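Chains here go by letter, A, B, C and D, matching the order in which they are written, and residues are numbered from 1 within each.
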Amino acid sequence: MYAPATGKAKPVEQEVITEENVFERPDETIAFFPKQVLYDLFVSTLLLLACSALSYVSPAPLTEPADTATVTYVPRPEWFFFFYEQMLMFFPGYALISFGAVIVPTVFVLLLFAVPWLDRGPRASSTRRPFATVIGLLVVVVVLLNMLMAVSRIINFPGQ
Amino acid sequence: MGAISRARSQAADAGKFVADWLEHRAGIITMMEHFLYEPVPKRGAWIYTLGSATLFLITLQFLTGILLLFYYVPTTDHAWNSIYYIMNEAYFGTLIRGIHYWSANFLLAMIGLHMAQVFFSGGYKAPRELNWVVGVVLLLLVVIIAFTGYALRWDQDGLWATVVGMKIGSYSPFVGAYTIQFLMGGDTIGPATISRFFAIHVWLLPAALAPFIGIHLYLLRRHGVFGDEMEYRERMAKLQERQRLEEYEQYEEDDGEPYVGRRDRADRD
Amino acid sequence: MPIGDLQVPIIGKNVVIAALVQTHILFAAFIIGAVLIAATSEYLGMVTKEPRYERFARNLARFTVLLFASGAALAITFVLALVTLFPVFFSYLQNIFFWVFLVEAFMFLGQIIIVYAWYNVWDKLAYRKTLHVTFGFIAGFFGLMAMTMIDAVASYMLTPAEAPITNVARTFLNQTMVPLNMHRFVGNFSYAGFLIAGWGAWRYLKSTREDDRDYYDWMGHFGILWGFGFLILQPVIGYGYLKGIRESSPEAFNTIMLGERAWVFNLLAIYLAIMSIAATAYFVHKLRFAVKPTPTLRNMAVGALGFTALFTVLNVIPADADIFPGVQFAGGEATKIPLGDMYPWKFIGLIGLMLVGFFVVALYLKATASGFHWGRASRWSQYALLICAPTVILTMMTMGYTRESARRVDYQPEGGFLIYNCVTLQQNVVNENCPAVVENEDGTRTNTINGEPVPGGE
Amino acid sequence: MAELQKDPMTRGDFLGFGVLGTIVGALLTIPPAAFILGPVIDVNVRGESDVPDEWFRVGPISEVPAKEPKVFVVDFPVNQVYSEEQVIEEGVETERETVPNAVWTSWKEEADENGEAVHRIPEFVESGAQSPLTQEQIKEVERNLNVLSSSCAHLGCPVRWIVKEDGGEFLCPCHGGIYNINGDYVGGPPPRGMYRFTFEVREDANIYIKHEFDIGGEKGPQQPYVI
């Protein structure tokens, strides 16, 4: 009634590996159910414990009620918008603000969508496709550095 | 001794009967088997938990979000008080809202890691391009949900981050004014702003997010987990071995004498 | 004689420090850049199996090891000079940055051990190339960490955080720490790259044997690729750096950008012009020898050369007629030169230079991927590389002068600060909200340097 | 499962799909779009603003000090959703929703020949203004008064007044935008000076403003985007 699924992949000898079917099947596989689900559950429990502990150690923030007529409050973006706010700094002046704030992120998102069609090389490992890897690392480094610059600007702002 | 063994066999038969009945009616057993016993790559199992951790965090957000709905009131003068109530009066209120807040932060970090892992391991190569596109759509939805969610608590942080965010939005060419009036529900911040953000954060975007997660998982299961090239080391080695042998025969046919060694690449013409 | 009153007879204290630190930085910047370039070249040699990468990596490593000792000697004499000539200031700096200096010392120690070991085991580890290459990158990493620590001190002197020195985050991550570190990280590669290109060109012109000509022609190409490739990143990082200075030390910004030392940036624009035009001309010339000739790309490259010239000249136009303190024409400060002011003209110039630079480098990399016929480059292209080498050394020294003199806010020979708005050149504390001043319990404030109470402060 | 069966589609079926499809499609897209985009239509097509087009009292001009700006808080009633006038008139007892705005008021400052800052505060105001002001007194006050919105022109953060040795300046804490006491642009990322409210001074020596910025030039009064 139910098809028993074999654990081992088909014996490799008879199969002729060609350019197309080399990525057909990994060398060694494990069943999803016991092992992989266990690893996933392990990581998930860690995350849940972290969230619960943090929600008591440093509770979700709730500052004083909103007041649109304040002149003493210093607005700060959430941490995941730090790099975006810092990147805006590189586009001063009337024409460049809308360019840097809207057009640059839209172009970035469109490029992100088109990644599979921009990098069509056969090989998947990052050492075999240096162009894509270098650009990927560049983007990661620029984002991290902008985040760091935002942090140093926020903690050092002469206002407070 | 007879009673226990008889009870066990009766239970086994009953179990089998139920399983067969369900299988015939809904085919659920085969579906579960296909879901659970699918072979996945072994070597990098721990790295692939990034994706499932993201899934877990999103389900956590859905759960705690729905729980928060029981107490939250989306009007300008009660929003803050309702959250104050959750944090101080409701049993485990701090925990539920804490999880919602912290797992949101972890979710964005985890999505970053998951995307980086898939990008650097080349997981978007054919035939998995669509799954990458759906992933980017999920990323955008989560970022906008995070932005709208930040405003709902209607405290100083929330309000002013929204003011700055919308003012940035108003700089977009052509549609700048319309998007900001749509988000604010008029041309100034008021009660309509918070109810619109509430509607977007609680229903519009999660309702868009859920099916895309479904598609993401369906596409994953359709092509199987790619993992990393390290999962295909042996097959790659066999392929290169076979190609090299073919190359040698090619030399022998062209030159007529057995192959003696690789011709120097920088041979000057 | 009170402490710190030691005077150097003829040339004065500041010139001693300046001479020592300028020469040291010329060695140190090259060493940090060259170690990483050699490690990358070794990795490329391992991957592409071409012998020239290996030969280049080994020679560069030997040259770096030779330079290392003298660079270190200069550094120690520089610290010695600081301790003797500015004892009060240096001991105060040590109070703030003791741990940073300690970490820097250990990073320097690590760098010494690994760079020498890395070079000497070149043959022993030949069979485990990957391990040897990782050694090279670790050596480079140690060098960068040592530089990061020094940058924390240097950026603090120009833009001290207003927080008390117990606030480690604000003191280390002060306003210009991150941009300065990025600027120097990129600067090291660009500086080392141009020097390598200059050396390659010099040897190419002198070489007689055929394979020598190929090798040194390739070395010039490899050097200029590093040099110009990283040079085009500098404008945007420099912009971030200057914005950081403006936000936290406005007078320092005015001194170097609008005040008496504005000519320094005109000089920098001239160096930038020479290097950019020389590099782009070299690229255009080399495209002729590509294995897969691409005529369309070559014409576009010629167009790019035109644009580079246009944008660099736009950057060189001074803002007003007061070119150099003492050299004015037609009314000096008052007459504004058209196309001269920063916004929008110099801004367009810099952005244009960067975009054209990216385009040309991408074009050139595409041609490099398909390979070149080496050994046939013209003499003029090598002269272009030869000009770049001294220019990049002059740029390094001008930039050093700019940053250090930014604190000479009031331009009197005796005026200016050692730590901006806090410790003056005569090593006494200036105002009360400077981190050197500590608020004790009973509300009075004492100056931690000489212990005297500081008036006011409420 | 039964295998697939593909019958050909006749012209009639196609027409059926067309007509029924348009009906359902139109009903389920046009009204919902208007429903959601209501505010955009109100503001852009019918030109209504959420804030009634009336004058709101800011405060007496005597309270504005000579050398530095003073912030007043003005509560603008907001006609949005459940706080619209029509809703309230039908006997539903809800007090009006208001958006408090911070308004910086200061006397104009100009530098005379030798660069000294001169504050244009009229004498009769300094010596305590009697309530029925004459017309030209009003004219003089209106010429020398700055009534500025506290929202920074760059990204809308609340602008604050920083006292410095030579007077002071408006500073936006978010990105370091700097304006002088008259609200004109001095430095930093903002693309223009601070927004000015359309204001008038009446006989009772009080300042009255409307909830709109007169950015002047061809665009004329501009409905404030945010706050």
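The working rule: a residue touches a chain if its C-beta (ideal position, glycine included) is under 8 Å from a C-beta of that chain, and two chains touch if they have at least 3 such contacts.
Small disclaimer: the values here were computed from a predicted structure and weren't measured.
*Asks:* Looking only at C-beta pairs in contact, point me to the busier pair out of B-D and A-C.
*Replies:* Most C-beta pairs in contact, of the two: B-D.
*Asks:* Report the chain whose CA-based centre is farthest from the CA-based centre of chain A.
*Replies:* It is D whose centre lies farthest from that of chain A.
*Asks:* Between chain B and chain D, what's the gap in Å when you average each chain's C-alpha atoms?
*Replies:* Inter-chain centre distance comes to 41 Å.
*Asks:* Using the average of all C-alpha atoms in each chain as its centre, how far is it in Å between chain A and chain C?
*Replies:* Centre-to-centre distance between chain A and chain C: 32 Å.
*Asks:* What's the distance between the Cα centroids of chain A and chain B, rounded to whole Å?
*Replies:* Using C-alpha averages as centres, the distance is 11 Å.
*Asks:* Quick one: chain C and chain D, Cα centre-to-centre, how many Å?
*Replies:* Here the centre of chain D sits 47 Å away from the centre of chain C.
*Asks:* Among the residues of chain B, pick out those that touch two or more other chains and give their numbers.
*Replies:* 76, 160, 163-164, 168, 189
*Asks:* List, in ascending order, every residue of chain C touching at least 2 other chains.
*Replies:* In chain C, residues 247 touch at least two other chains, as defined above.
*Asks:* Could you list the positions in chain D whose residues touch two or more of the other chains?
*Replies:* Expected reply: 99, 155, 157-158, 174, 176, 227.
*Asks:* How about chain D: which of its residues touch chain B in the complex?
*Replies:* Against chain B, the touching part of chain D is residues 36-37, 39-40, 42-44, 49-51, 76, 78-83, 97, 99, 151, 155-158, 174, 211, 223-227.
*Asks:* Using the touch definition from the top, list the residues of chain B that touch chain D in their complex.
*Replies:* Residues 75-77, 160, 163-164, 166-168, 170, 177-178, 180-182, 184-193, 195 of chain B touch chain D in their complex.
*Asks:* Across the complex, what residues on chain D touch chain A?
*Replies:* Against chain A, chain D makes touches at 71, 73-74, 99-102, 104, 150, 154-155, 157-162, 171, 173-176, 189, 191-192, 227.
*Asks:* Quick check: in the complex, which residue numbers of chain C touch chain A?
*Replies:* Result: residues 47, 161-163, 169-170, 173-175, 177-179, 182, 236, 239-240, 243-244, 247-248, 343-344, 347 of chain C touch chain A.
*Asks:* Please give the residue numbers of chain A that touch chain C in the complex, ascending.
*Replies:* So the residues of chain A in touch with chain C come to 89-90, 92-93, 127, 145, 148-149, 151-153, 155-158.
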